[in-house]
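The next part holds the structures, each set out as structure tokens.
Two complexes are shown next, each including subunit A; its partner changes from subunit B in the first to subunit C in the second.
Right after this comes the complex of A and B.
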């Protein structure tokens, strides 16, 4: 059964149609609108400058028009905020898969993001790539993939205890990943490679996909959009296949899942691998946004933050990961913007902003657990239903 | 010969030679890979092309011949609406046989009577349930030779010689085809339009069912005449879910469906029919009033449960809708601002509402088979649904009178369709003459002589033709009341008014030649039950709920509203809530859910007596039969309440 609300007269003659992505004209319209907003309207000032330089226009009026149009899009600052949102979405998707779909509590996802980021960085900086691969710009794309695999394998390694333990105990073993991998292995050993000390700096021009040099926020933004879309497609397809159904069965009740003939350990570890893989990709994406990486980018708080994001967004839903990320990142930025004018009168606010941020995070989680325990995705579903069932309630 | 109608569409005159199978063969050849029907199975609408349809019919038909079917033999079908049922019917017709449909929920005696009376040779049943029914009576129906089933569920341990599966029949057909190629086509060519195609048992509100013989020509002209009034397109969808044993369904699925070539859609199961209709969103609909009554009731109930904002939107849109609909009924021009408001109502509420009801694509919705109340009628027109009243009977192969678009009056049934003449006799009886009038009753010359006189069909319905030339059907002749002031009155009219209330499922009004009018009502268990839950009333059964004083007050209020615009003498003075719902299995209703007045009058004599004497309760001590044969003893006191005026 199709889970989409189909209007009257819209029916399916086969299973392919029944499981199609965008089933109704209305949904297709919505998706095209979303695509336009994401790819055209938000980065409109980027398109303006591209347009200007491509046609070599040096006209006062034209520049003025471009500037006025650009007001409607996002400026450099907001693009960087959106990049942060995208990063959080990618991270949260992995956590969502583990917690929301497979029911494996994790508080160490930041570690796998770190593994991905470091694998990718090391591959770019230290690996003796053949010359043609460098010139073709293949080093970074290949490193992304390898970073994914590496992070996946580490994730499986730290997921092994899940064969025996559940719940709190699993949280502890995943937290161990954070402390062992980031605080011990990466800080003490990996960071020392090449004798650079704490941080790896990424020289400009190293982050290149084919001929496409990712050297400004707008390009990171497009790269982020593509990765987020791809991950969403992969995960939503995965969760409706046999694998995803097995995960959901394990989440709902691992004993009955086993009785049904699901190899619980295999599927749990597979979930850890896929979550780690996405974590690795997240990490290696994030280096495109950084000038240098250091272990401080991947604190334990990042892992906690990601769990908070899916709690607020809604556990067990891809929408949830996206809504949660948008909410958390944008709220924090708005908070920052709100604090700045007050800083003249209360300078302490700016100095202790980190604490305000963490307090808000805690407050948001408390608030959501009390008032909206199913998260924003559930609210979204309810809003859609409200209009789908219009003018009645059922 | 071809002629053109007003809209310019070409109509082929149906020659005496044309038969349903010939048309079928022709259409299957033309359409080939187009979808002829869909069946919802395992969650998707599985399409069946015309080619597949033809193949299936062909081999079933040949299979029947190799089992010994001779032209003129009767083949009965029983079961839910499904492609196999239609294939079987078409196959029987292709082999020169005569199709007989039985209602799926017929009791065993009715099945036996019809099988025996019609001299059925082969019976198509759907699955185990029908096979069990047939096996239990096969000894009493000596002419019945084979029982054919198609659903293998539960059939593993049935090895009787008289049983054969549909697959097996088709297998036999394939073998016959090898030895005798072209036999199928020869059979089709041999048939004539005047041959009997179907034997239809009328529901009969008074006596045993009578079998009406309908020829190919009857069926085809019927469909053609309806389609000249309201043309359908071959891309249209139609949902077939009402019993094939009802002439209306035959008319839409065979007479019209075959000529137009629209797609028939079969629901997953009778229980999901409502949902499935919503999915398909048919372009044309024909259903008895109870279907529309149910829809109205569900809207009314959902409205009561909606939130404040939604309720206000609905109320406003309905007000606008009613106003515009009334203007249209009165044939007054609609001012532009009302048109604008109507458009607003359409996009904010009605569009979505029609979507929920599955009516968003419907071009013409017909209601027929029983009277429909003006309130229901107005309700649908206020929604913007082009609902039309139809008048017809089995004996004219479907319908004879229908509303025209834009010329709808809710107390009439419209104008006769092309090729049909309607007259009113001196006694006020409606008589019909057309090419669709049936051949006669099977094995019942007296009834035939009574119904068919000089080519006119006597309907036994009272009616008149109004100033605009619309036919008004008053009621069945024997049902018309005489009120205490001597005026005639139609109980059906009052009953349909009462049924507009969501709380009332069935109503029975009495008062012929009596001092005052009374009503016996069946409450709607689910709606009243919900109401009782909300009002913290405890109840354990239908019987108990129906006798609650609060429920009496609730129903009393509904009667008061219905009483409002009636003359004093026709107003309901007393009513009683019945302890059970009317049921076709108890013979209280016909299979098409018409009240069998003579029967209920006999059955509930005590209640009637009490209603017309000076008591305020009546003691009931009776047994009721459930569908599965269990019996329950009921002992209760029914309260009689006077309606406040």
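Right after this comes the complex of A and C.
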């Protein structure tokens, strides 16, 4: 937080101010503007239809106005793209915490997302909830929390080898999580619960928080925003306190960290727990978007993809996870839209788009490692400082 | 620094130009019907998916060349999604944004994941997944396909094997026949007919052996075959795609398992004998369509268009999956024509005034007549079983499930 340069005449007068969320009124204004954009302007067509049905307006001009305003917001397609972004952000935050803050290389995060998704699904479908909890719509929210805990515990289990090994060897042990949890436990045993075969599908109406039924893309979008904001708050609070400093110390040099009196194993496992917890929440969020689940949703590639996201976004920064996810999802969609008109002349292009996408993923990682190893978050920081310090940027 | 800036500028301009062109081309021309297509050219089922994808494009050309949909042209948007479900979901929302009238889908996993959304958005979804789950109109009203469903295929295969092969066995009447299944547990596609398989084993009186998990990517299945050897099955059911079925056949041949093989439609095509060699001799497979190049109505067009639009692939390399794709497209086109005549090309119109008016419609290609009713989307009840005799595919027998077990067909078996 304290990386923000303050305008002339503003000084911090204590630690609390030094670590405050909103350090100046201007920053507070910017944040309010950001929330307005996220909650109001992007889903404006949703608000329009709510407004229309709430006041029961059946006026031609009014609906015309609503339609014109909606042009500036995101339509359902873009909302579903943003939901994908949110899913990637939530997944990448856990990876960021492990790799970026605690220095524990992991390639098995997808498995913990799967654990979360399955825990939540099974709790909703199979657990004998007391009647009042179902009528109050508490089953899903409680299952999210339990899914987080479950995924966290599994993450700790597969993080245990980090007490002894690090670097490439740790990558291999975390990869085991994918093969043991997803390919073995979930496919062979968990998927068979209730005789459902492989795929679980959640009947409509089961995913609700209190009276709020999550049944369309816009509602998933709001739910996603809330989860992303909460997770960002949790992680940024963790990393600026004692725990976070211990993690950074371990990342920078685990031997000196131990010499300074940090219980290395405890903090490493804590990092695995928190990352797994957020992974579990990611999984249980994802089922609200899918309403169906099978082990095929969690290939090993998902873990690799998340690592790619934080490499592009910037290692060791929460902004990095967000920018990386935006880049990887939105840029790819834009690329696809750009390809569609070209397909009239080169019909093969649409079919080969997956190759283009994969090649772009690889190229983007190479490009960032060569030209901007600190990722997009660092670029953002530079741009921000340029304006903050302008015109005397020395 | 200069170099970097110039390149980033060019990239940025290119991207912006591309996007603006992309946005502007979104405008809909009045006399075209948009169809989206999801195909797998690179993923787990690409061994059979490539030919299907080529077939889709060729069949759409054929429809457009022969007058389109009552004069309207079809515009096809075809994407490879690599058998990845999240990819399929975003592609689906793209199709919805482009206002596609109908979607030609592919795998079981994504078709079942999309089914509730498809029903909500009322977009007819013609899949290459013939999962029995998709036939129950109370759950998946907008899912359709042109083949007997997997469960009917498996029941038919078992029935035909029981009647034609087991009755000639010297142990017939002395003991129950033993059966086991090889499939990928994790794949909803491979495992979708397993419930029907176990049920049919009870109906016909089989001893059921332990299921073997064979990945769709498997190239070595010796441990599974060795596990089966202890059970000594008389017949093994395969529900994977060709690549892994061929691997299993080869290993059972090499390890002398000595069982007959019955194979679901996606594991039984022209590539099977090429990949499995002698091990494929005598294999029985369910195949609702004629094999590529056989003498059935419309097959001349199939071969002609294959030559015309993909001249790089020799005809002997094309497979039955091209014919399958043609069946899906021709069926969809017939429904579109009917809906268009009724003047209603909305999703609901295509379903109600198109598909659900089908009564014993013959679309050619050696496929049995297709019927849909508003309560039952099982298009056919007859499973045709072919045998690979070592040099060609021969029709071995067929079993009509509706005629054999009318009671169960009507009441019990819908939606498996």
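Basically, the second predicted complex is superposed on the first by the 389 of 394 C-alpha atoms of A that agree within 3 Å, B and C clash if a C-alpha of one lies under 4 Å from a C-alpha of the other, contacts with A are read in each partner's own complex, and residues count from 1 in each chain.
Here is the rule we go by: contacts are C-beta pairs under 8 Å (C-beta built on N, C-alpha and C of every residue); 3 or more make two chains touch, one makes a residue touch a chain.
The structure displayed is predicted, hence computed values, not measured ones.
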Combined model on subunit A: subunit C and subunit B, fit or clash: fit
Which of subunit B and subunit C A:80 touches, first, second, both or neither: second
Which of subunit B and subunit C A:391 touches, first, second, both or neither: first
Which of subunit B and subunit C A:237 touches, first, second, both or neither: neither
First (subunit B), second (subunit C), both or neither touched by A:12: first
Which superposed partner A:291 touches (first subunit B, second subunit C, both, neither): second
Subunit A residues touched - subunit C or subunit B, whichever exceeds: C
Minimum distance between Cα atoms of subunit B and subunit C in the superposition (Å): 13
Touching both subunit C and subunit B, counted on subunit A across the two superposed complexes: none
Subunit B residues within the subunit A interface of the complex: 35, 38, 43-47, 237, 278-281, 299, 302-303, 305-307, 310, 313-314, 317, 349, 352-356, 358-361
Contact set on subunit A toward subunit B in their complex: 1, 6-15, 17-18, 389-394
Interfacial residue positions of subunit A with respect to subunit C in the complex: 75-77, 80-81, 84, 183, 187-188, 191, 197-199, 201, 204, 217, 289-297, 299, 301, 333-344, 347, 350-355, 371
Residues of subunit C defined as touching subunit A within the complex: 4, 15, 18-19, 21-25, 39, 41-42, 53, 57, 77-87, 89-90, 93-94, 96-97, 109, 112-113, 115-117, 185-188, 191-192, 194-195, 213
